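Note that chain A is present in both complexes that follow, paired respectively with chain B and with chain C.
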Partner chain A sequence: MLDAKPAKPLVTVKDLKMYFPIHTGLFRRHTGDVKAVDGLSFTIFEGETLGLVGESGCGKSTVGRALLRLYELTSGSVTIDGDDIATLSSEELRLKRPAMQMVFQDPQASLNPRMTVAAIIGEPLDEHTDWNAEKKLARVYELMDAVGLNRAFANRYPHAFSGGQRQRIGIARALALNPKFIVCDEPIAALDVSIQAQVVNLLEDLQEKMGLTYLFISHDLSMVRHIADRVAVMYLGRIAELSPREPLYADPLHPYAKALLSAVPDPDPETEGKRQRIILQGDVPSPSNPPKGCNFCTRCPEVIPICREVKPELAEVRPGRFVACHLVTPDNQKAAPGSTGGPEATEHNQQGEPKK
Partner chain B sequence: MPDGAKPVLDVRGLQTVFRTRGGDVHAVNSVSFHLKPGELLGVVGESGSGKSVTMMSLIGLLPMPPAEVRAGEVLLGDVDILKITPEQLRDVRGRRIGFVFQDPMTSLNPVFTVGNQVMEPLLRHMNMDKKQAFARAVELMELVGIPDATRRMKDYPHQFSGGMRQRVMIAIALACDPEVLIADEPTTALDVTIQAQIIELVKDLRTKLGMAIVWITHDLGVIAGIADRVMVMYGGQVVEQAPVKELFANPQHPYTRALLKTIPSVSGQREARLKVIEGQPPILGAAPTACPFKPRCGHAFDRCGNENPQRRALGADPVGYGHDVACHWDARTGGPV
Partner chain C sequence: MTDHTIDLKAAKPRNQWWDVWDQFRTHRGALIGMVIFAVIVLGTLLGPFFWDVDPKFINIRARELGPSLAHPLGTDQLGRDMLARVLAGGRITIAVGMTAMLLSLVLGTLVGVLAGYFRRLDGILMRLTDLFLALPLLPLLLLMVMLFREPLVLSFGPEGGIFILIVFAIGVTSWMHAARIVRGDVLALKEREFVLASRSIGTPARRMILRHILPNVMSPIMVSATLGVANAVITESALSFLGLGFPPDFPTWGRLLNDGLPYINLSPERVIWPALALSALVLSINYIGDGLRDALDPRIRGR
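What follows is the complex of A and B.
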């Protein structure tokens, strides 16, 4: 799928950092930072869906918000369609907003209960166009058709709609200005199983019709497998592995990606009975005090001494597959392809060390 | 009775109604099920399908009014616990039926230490003095895998992570060796890697303690891995019930069949497009006179609108013991029953 497209990057993120300061004591002195996102680099190509998965608190939602500069970045750059949005002035940023939109997790909280559906969907048009009321209404109807809402409901309020329909309103609002890039932050997490599929199919249809690019943030690994072309697995503010969908799900390389995928229950009692689970011990460390070295070293079942000292860099270990792990080395350096753990991998790391 | 074993919990024709200003809401409609000793029954359904309300009503945890249990009996051993006094029911709750709720953040009291809360049922039900209760509480915390249990007894809930809090909830539920443990979406609020830890813990405890468990969830994946038998609920009623492998291999009700197709999997073939169940779950207004799934069902015919289907057994076993389904359409022949 990916190879067929001309790989033109739409969003390029370089060394993105998003720290939230901690103030303590009587004088509210700055005593530390919650390192929600700690040095992230990746690219999203035009027309693709990049899935961003991880457990709660790993920083995935922060990435989504930082990409649209809903937060002021601590450092790093985010280039969307040629402009580095981290350095734009507020007016330039406002003019840039139509190209980048967001669909939020909770359709209940992200819609103003005092506005009608038509007013909610039309609000971006009020802000960014000088169209007359008639033209705006025509556009609102067009959008309602596109997301499968009945036009007759245009004057109703959000409370009159079900969760799935509310999420459709949120999607219509995001589409109003013909964006190129949409961040979908857990768009289906609040919905029932039978409704989730409806919304995911809608997002896929719209992508096909309008050539949209998505960052699809979710903790639901099976749904991400369905919708994403490439998937980034985050752990504690960093990317552990970024790979195309099929190789990631068939053969995850990073120990965290392996554990995460093995933890997802499979709706099939036959395979469930046979599966070997990797049960991670303990909990995720606090992002205000991440461990030294690799941030997964406290829970990693394959940890070796170097992991506690040196932070692994995200490197391309197979064509298109990026992994940040001392145990995973590029194919051409491998003595025994396919094996990741064990002494030979340690050797390669030691050999690799002087190069840095 | 098949299998010989007498059920530890036997629920018959339970009907729960919420009386609201807008009229009665029929949340649970003649739900019957039983639980054999040592068995894990999975209850699956979407929000509003009545799965939690069923379990809450059988141990009297619903606020009454507005809730009202109109009919049915709940036999725990030989006693109908719907008929006993509130005082007697208090001795059942926590002592004979343990409960684990969905949200470990809100179901622990933030102003008491965790130790205090694990000791509470022991002091209330087991006639232990404080010293005995403390020792037993430490044992329980170790049993559910809380490291450094003696020291952590003095900690407050906010000092525990989500997974650890759910372990504390399980320790409380297990404190008095209940015959039945009801777990209402115990892993829904947790991350997948923590969910995997809790599922392993429950599997392990089951073999050690041998209690019967009702596990409520909307996640068919969790059910596939843990349950012996599954009950599928829709619109306040049981639409299908079967042993777990039978249900996944051979689903009969159109809702179960559609539900199994809508969920993508992390392994196996990736579908190009997800199957959807069109429409919305029903609003449970008046007492049902039609099949609740009819508006979304691809196989519906006239009879489905006129008559709410009763559960019918598919094999020789009576309803509740083998595979049964509440549907006028026969999946095996592809036509009306």
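What follows is the complex of A and C.
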């Protein structure tokens, strides 16, 4: 998996933080922050698909948007193709925009209801090229062909399309300027299952043809397994584990990754019957007031005292596998076969195991 | 769906204004409204050429006559021909109503969009709006007329000067509701994903507003525009009634109404005709606005 890819990093994220200020009281004083993304570092290599998974509200979408600087970063740097997005001036950023595009979650909301399909797909061309109308139209038709839309639809409005077709329009718009990097922000979450496959296959075909790099944000773990080369598991604004796909799904190291992946149903009824789910207790802590130590320490079935005091850093514990956990240490290589993780993890499979 | 139809249809996207017109034509009320509006406008513009009686000519012997061939709509208490006065009054009423509506619409939309889109301007612009809303309208108008009437009349002539003054006075005192409604809609629109998508493309604010925000706030703007005409006409007649608008012998529909009011028992037609014309005007504009709003919305189009 890893060795098949060219190892040139396209996107490098260092210590990305995205806080949303909370203002309270009569004078709207700044009383705290929602720490949506709290110190994220990762690299996306050229031509690969990095899956980003995690439960609702863990900051996945915020990461995607921050990467394209749709939000002003609180701190950290995002280097895409050699330029630090976080510090570019607005005009430089505008010129940089064609290299990075986004496919949105809700294909209904991401298309202007008052524009025709041709106008929507052509909008990036209007902004970044000085082509004449004919050339733009030719390009729009080319893009519609590429995503499998009938050319005769060019003059229709988004409301006349089904969800899958709308998502194709959104993808065509993202492709218009030949980007290198596309953030797919849950592109399939609003589609029904048969259409999900179509859209994902379309994304894969396009990646193959155009050499695209994806950040694929999703909470659909099986779909991520299908499309991603490497997967980052997020919990409460931090990466818990970042591993190549197969090792992660076969043998997750971080307790949260274990719990999350134990929820993936298995199509094989034999193994599905034996699948033991790890049910986590309690709720996700508020991102405005995360725990002092590890963000997962309030719900972790394997919590040890140091977890409540010190935030674990993301470290490479196996070749290519990064985990932020005190229990998983680089020298700790002897994962028991069949078990999922370190030797400390002996009782974690008991459902509803009380903790603390 | 087959290839040859693609070639035919894909030659060139059809200009979408044709779709708007197609949809507009299916709105019966809007079509009737447009015909009535056209009749009123053409009548007031061309009518005086066919009915060339001076609306200011006083014939005290022919006062308060009923309808006759010489005076189809009768005469008023000074013997002036009512038909001529209605025709002449329509011209100025329509002009004042439309121009004041346009002015208040432009102001309201501008303030609303700027306040909604640019967070930094929101506070100051909305407080300005509150300020204008809190101003007592009539005293303000009185003050404006008193201060600016003389200089305007001197530079633009008595009718032009008063026209500018009235249009301005009505325009700057009636934009606030439009601004508030537009701001609210812009605030909601700004968070929609297609605006975010456009930002990820790198669209600058100016084009973002023109391309994404304004077309989507068209509906409330249309509604406040059609209501604004009626409002402007009524304010104009109130000003005329107070003796602050056009000179007393200068006919507008509002003034004709006010003049006819004391005589409503003797000759109700003196009130009925201008009132009918006024209602027809306002109603037709409302229907046109309604049809236009529907036609401009692609989701309704084609139903």
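Following the convention adopted for this analysis, the second predicted complex is superposed on the first by the 325 of 356 C-alpha atoms of A that agree within 3 Å, B and C clash if a C-alpha of one lies under 4 Å from a C-alpha of the other, contacts with A are read in each partner's own complex, and residues count from 1 in each chain.
Methods note: a contact is a pair of C-beta atoms (placed from the backbone, for glycine too) under 8 Å apart; a residue touches a chain by one contact, two chains touch by 3 or more.
Remember, predicted model here, so these are calculated numbers, not experimental data.
Visitor: Would chain B and chain C fit next to each other on chain A once aligned, or clash?
Guide: fit
Visitor: Once chain A of both complexes is superposed, is A:116 in touch with chain B (first), chain C (second), both, or neither?
Guide: A:116 contacts chain C only, not chain B.
Visitor: Between chain B (first) and chain C (second), which does A:201 come into contact with in this model arrangement: first, second, both, or neither?
Guide: first
Visitor: Between chain B and chain C, whom does A:193 touch in the aligned arrangement: first, second, both, or neither?
Guide: So A:193 only meets chain B here.
Visitor: First (chain B), second (chain C), both or neither: which does A:104 touch?
Guide: So A:104 only meets chain C here.
Visitor: Thinking of the overlay built on chain A, is A:157 touched by chain B (first), by chain C (second), by both, or by neither?
Guide: second
Visitor: Scan A:26 for contacts with chain B and chain C and give back first, second, both or neither.
Guide: In the superposition, A:26 contacts neither chain B nor chain C.
Visitor: Using the touch definition from the top, say if A:263 reaches chain B (first), chain C (second), both or neither.
Guide: A:263 contacts chain B only, not chain C.
Visitor: Please give the least Cα distance, whole angstrom, that chain B and chain C reach in the superposed model.
Guide: 10
Visitor: Touching chain C in the complex: which residues of chain A?
Guide: So the residues of chain A touching chain C come out as 65, 68, 70, 93-95, 97-98, 100-102, 104-106, 109-116, 118, 123-124, 127-128, 137, 141, 150-152, 154-155, 157, 159, 170, 173.
Visitor: Contact residues on chain C for chain A in the complex?
Guide: Its residues touching chain A are 1, 5-6, 9-10, 12-14, 16, 192-194, 196-204, 207, 211-212, 215-216, 218, 296-299, 301.
Visitor: Hey, which residues of chain A end up touching chain B in the complex?
Guide: 55-56, 162, 164, 192-198, 200-201, 204, 219, 221-223, 225-226, 249, 259-273, 277, 279-280, 283-284
Visitor: Which chain B residues qualify as touching chain A in the complex?
Guide: Checking each residue of chain B against chain A gives 46-47, 161, 163-164, 191-197, 199-200, 218-225, 244-245, 248-249, 258-260, 262-268, 270-271, 273-278, 280-281.
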